[in-house]
Amino acid sequence: MEENCVVKVGIVGGTGYTGVELLRMLVNHPEAEVVVITSRAEEGLRVDALYPSLRGHLNIRFSHPNLDVLAQCDVVFFATPHNVAMNLMPQLLELGTRVVDLSADFRIRDHKLWSKWYGEPHACPELLSRAVYGLPEVNRAAIRDAQLVACPGCYPTSVQLGLLPLLENNLVDEQRLIANATSGVSGAGRQAKIDNLFAEVSDSFKAYGIPGHRHLPEIEQGLGDIAGREVSVTFAPHLVPMVRGMHSTLYAELTDSAVTLEEIQSLYEQRFEDEPFVDVLPAGSHPQTRSVRGANHCRLAIHRPQDRDTLVVLSVIDNLVKGASGQAIQNMNIMLGLDENAGLTTVAVMP
Amino acid sequence: MEENCVVKVGIVGGTGYTGVELLRMLVNHPEAEVVVITSRAEEGLRVDALYPSLRGHLNIRFSHPNLDVLAQCDVVFFATPHNVAMNLMPQLLELGTRVVDLSADFRIRDHKLWSKWYGEPHACPELLSRAVYGLPEVNRAAIRDAQLVACPGCYPTSVQLGLLPLLENNLVDEQRLIANATSGVSGAGRQAKIDNLFAEVSDSFKAYGIPGHRHLPEIEQGLGDIAGREVSVTFAPHLVPMVRGMHSTLYAELTDSAVTLEEIQSLYEQRFEDEPFVDVLPAGSHPQTRSVRGANHCRLAIHRPQDRDTLVVLSVIDNLVKGASGQAIQNMNIMLGLDENAGLTTVAVMP
Amino acid sequence: MEENCVVKVGIVGGTGYTGVELLRMLVNHPEAEVVVITSRAEEGLRVDALYPSLRGHLNIRFSHPNLDVLAQCDVVFFATPHNVAMNLMPQLLELGTRVVDLSADFRIRDHKLWSKWYGEPHACPELLSRAVYGLPEVNRAAIRDAQLVACPGCYPTSVQLGLLPLLENNLVDEQRLIANATSGVSGAGRQAKIDNLFAEVSDSFKAYGIPGHRHLPEIEQGLGDIAGREVSVTFAPHLVPMVRGMHSTLYAELTDSAVTLEEIQSLYEQRFEDEPFVDVLPAGSHPQTRSVRGANHCRLAIHRPQDRDTLVVLSVIDNLVKGASGQAIQNMNIMLGLDENAGLTTVAVMP
Amino acid sequence: MEENCVVKVGIVGGTGYTGVELLRMLVNHPEAEVVVITSRAEEGLRVDALYPSLRGHLNIRFSHPNLDVLAQCDVVFFATPHNVAMNLMPQLLELGTRVVDLSADFRIRDHKLWSKWYGEPHACPELLSRAVYGLPEVNRAAIRDAQLVACPGCYPTSVQLGLLPLLENNLVDEQRLIANATSGVSGAGRQAKIDNLFAEVSDSFKAYGIPGHRHLPEIEQGLGDIAGREVSVTFAPHLVPMVRGMHSTLYAELTDSAVTLEEIQSLYEQRFEDEPFVDVLPAGSHPQTRSVRGANHCRLAIHRPQDRDTLVVLSVIDNLVKGASGQAIQNMNIMLGLDENAGLTTVAVMP
């Protein structure tokens, strides 16, 4: 790593799971160096005291969020809950800093829709149009030129990649899509809540948010963009007793029964042929979430049970990697003209 | 317990999980006594040597399967893989023994359909019509008079109970039903398979059998009976890294948008009002599988997301209890005129 | 159950895991009825809204703690953190109420020692001598006559039962005892702490409290009583990624090498022969915690590796049952002259 | 990576967990390339069909074990059960191939002792003296010159690193050592055994092998070498419901009470100061196995509870990495004069 070409990285909100996940990958990134990590709660603490996995890899302490320091970074990641990034964004963009926001603040273009689902006014609706939705498989060119990238949520990443070729090619009824999705518990973040205790979650399974989950409008916006018209999705998230991993089981009705499964399989393979992080499995496969644990890949499989008209697409990602921090680094790589794979080459830990 | 009224119980195939689960409940059944448990592989071994949880509760050894001994029982349970019960059934029925079969041998009325899914001819198709499908919430009267009860599979139990009121009342499109179901690993039985090793299953999630699962024809037969016409179900089973528990997320399209969620909630509550083991949760609930861990209950919740026309019904059971051994004992209680709750009063273990 | 002989039970602090565990067993207790459950935080809420596993078993709401109401109970359980029971105890005992305290308030006889480990003065040191330490295998007679029983902690129960025969018979060096113990996460209670989140605990293992754990003085007091002199224990607790279960691996140096393992095995079997809830496994066994999951048993196995002088005793309990609520009910049964097994007959859930 | 300096690697027995773990790390090793992986059972199958985590990283099939092909490798790893490597070793060594054996075949110098514990004669006792025991922290110089390195077992690695400074400095009673160790289930390998099924292992904890485990003689040999005299260890392994991770809790009696914990802490820090993969945590720490999940580190913490004379050392590794495949690669790096960290830089996956 040559000193003169190192990308200086800042991270706002480094104590959560997406924060440590950024660090896990960035400390081995050949062209980036993390120079500042902020945390109000843990200011002054060594980062590796909170995350001993980083001992020997990172010699830095949590610092108070400070705009001047962040502005000296080449890129700043927000690994914060919603309603943080949007308050600092006007000043950061003004200063010319490039930003990758992992939070929900800039994912929804319509600020009224955002407010409806997030329960408060948006702090800077005028900036929403400057945010590029950071799904590289759809928006790579725009990401390259963006100053602000809004990383997709984990469920939306998994669902959109799974349905992409079908909607781009107008093969299914876009008014009757069903996304039955499951997530590991790390998706709930590192917050002290009884509901997420080991003794509450372990050896059990449940749905949640069936009446309405904040990722629904993002999914419908993203799929609508892909389809070129409004779509309607029934979205049912569930909690799995595992730490990482997200699995979406997607149901779509073929509009033309004559299309064959082989044709659809082939369509998927072609669509993602050049994508470094989307892997279409052989026909008949059932991807396991552990096959992407710790890795930035999305693995897909397409089925047509009993040769009827309901397609079933299976899509797995690691919710913390392709669903969050890995995709954020992928976006940074694209924005800065680096190798898109840089820092993202580790193999999934299996078993 | 008076000696003179004790029901003598035999169990064929006592080493598997449904076998030990029968024992767990029967040793505390006020009117039944297990007098014989067979196992070819473990003949002669004390049952509590294999299952130390039973130490102090049961003083018996595995014996070789023996028709004469079984015939002296008041009721015989088959806790065997498919293709065992059907070979002994002609003789047992001839001898007048009452049988509760937990296997798949007598679940499908059409022997050709059975053969298609189970890959071999049925050994006694002439007896299929004498088997009563043991879903008490549908067939209680017939079970009371049956000599042979075929206990439903775990998935079919969970799916049928969840969709029952909708199909009985012709409220949804019976051609577009979707059953997205998840099961704990005990559903795969106590067999030495690499796929079910802890190191393979833990901290991961996957679908399986999407192209076709043996419970699909049973589900469609059962729902068809309820609806009074043919139904079509897309059935997608998944494996959850937990020992017990089954969760079905059921999607159905309302045929009449004017029906309200309140009306449907009310319909479910009325339908199951007198059912001892079906519990309709308050509107807006998300049942957890642990709420039925070790108990014979099915808990249901009904949703109508975004007030659109796709209903989402959530249904949880313990796959080894209401999905197998508990329902088998419930059927025995009904067949023998005992209190339907006998032996089934334990509360779910939570946490 | 005859109405006139039903034991009226009150529970203070019903929202935690030991609270719901008392309920799980008491709703099936043939001679007890829970008439009041208090919770400041959840006052007014139906108990089965918090614990759906109890739906259909219990028709009661959490109420504000009220001395008058509690005083009308035949027995009151405290399922509270330490420092609650001792503040109500003077009045309750004055009113003649019988109390089973699951907390730590009355376990240590020496109030200075208690204060050292619990960090605050004891509220009623004068009552400590009236508390009977509720380990039935040691103190059954005293429990029978007690008005106040202090239930042992989970680790102390497991360790004391495992070492009991060795210390009673003066067979090992009581100055060099080692208790290496592991607990499921439910032992940490139902409190919102980051350390106990699923994503923190799952798929990992760690020791904690090695410099000093509050159960150490209780263990040394209890073992000292058994040995008839002071003992010294190195106590190392660990956290296992499982919900329930406690396993102690106990190391003790034989003072006389001539004693054989067979003699020790025989000694254990005799000592616990009449104990309903202590089970000495055959020589060479390795008890699993799941063999007591949900049950009130302690299972023990004794080893003498390589025929050297270090004995290894394995001891398993369910930390919430024999380690807390089950033992509390056992104590209640003894105090009230009921069948000691009443309410405690359920078989461990395995698998 | 320059083609001309790439190390050609062969792996015998590539289907097990240590095999795939070698692959996970070697595909990102800057100077090594895996050119052959053998498996009798899976001959002809693409490696990434068995392990989809490797899709896109490795384009190779399992091949039949073939001495000629192996002999063309710069280094051959044996990731096999015991009793495989020793049968091929005479020929391989004759051909000049360098070998890193992950199995137990060459760990014990005394072939009679080996036979006693492994139950069969050793195939080539004359080669035992040529094997270097591959614990780099003890034998780095000898490894550098070795043709055959016998990688330590997982438990022996964890135990020896934990006790090393104490025995080197003669600080504790080497006749009364206790190693209470726990392992994740992957340690049992990828074999179809009922005992290792998810439904058997999950949510439970047990000891095993207390009467005698094959790692005991290896531990005593290794610690004896370090101490310079015979040692006696009570070794108690346990199974934890987690996939990876090994935690040893080590008990040792100080021979001189005057030595302080601070002095011992300092001794450990100095001893391992230059070791790239041994990390001494700050005093008072409790290392978690997840802090090394997927990484080649051993993390240690030293305690002296209650300031008594029993030291407690906590030692964690990933059983598949520092306990097997990572240490094997570390040994290869040393043997071939490569950077010792090469291929071993990934950060532990946490959470």
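By letter and in written order, the chains are A, B, C and D; residue numbering begins at 1 in each of them.
Criterion: a residue touches a chain if its C-beta (ideal position, glycine included) is under 8 Å from a C-beta of that chain, and two chains touch if they have at least 3 such contacts.
In UniProt terms, the chains line up like this: A, B, C, D = N-acetyl-gamma-glutamyl-phosphate reductase.
Source: prediction; values computed, not measured.
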Equivalent interface to A-C (more than half of contact pairs same by residue no.) among C-D, B-D or B-C is B-D
Identify the chain pair with more contacting C-beta pairs: B-D or A-B. A-B
Find the geometric centre of each of chain A and chain D from their Cα atoms only, then give the gap between the two centres in Å, rounded to an integer. 36
How many Å are there between the centre of chain B and the centre of chain D, using C-alpha atoms for each centre? 46
Taking the mean of the C-alpha atoms as each chain's centre, how many Å separate chain A from chain B? 39
Listing for chain B: what residues touch at least two other chains? 17, 184, 186, 190, 199-200, 202-203, 241-244, 287-288, 290, 293, 351
Give every residue of chain C touching chain D within the complex, in rising order. 176, 178, 180, 182, 184, 199-200, 202-208, 210-212, 216, 232, 234-236, 238, 240-245, 247, 249, 251, 253, 284, 286-290, 293, 303, 305-306, 308, 310, 312, 314, 316, 351
Seen from chain C, its contact residues with chain A in the complex are 17, 184-186, 188, 190-194, 196-203, 241-243
For chain C, which residues are in contact with chain B within the complex? 17, 20, 23-24, 27-28, 51-57, 186, 190, 202-203, 243-244, 279, 281, 287-288, 290-295, 297, 299, 345-351
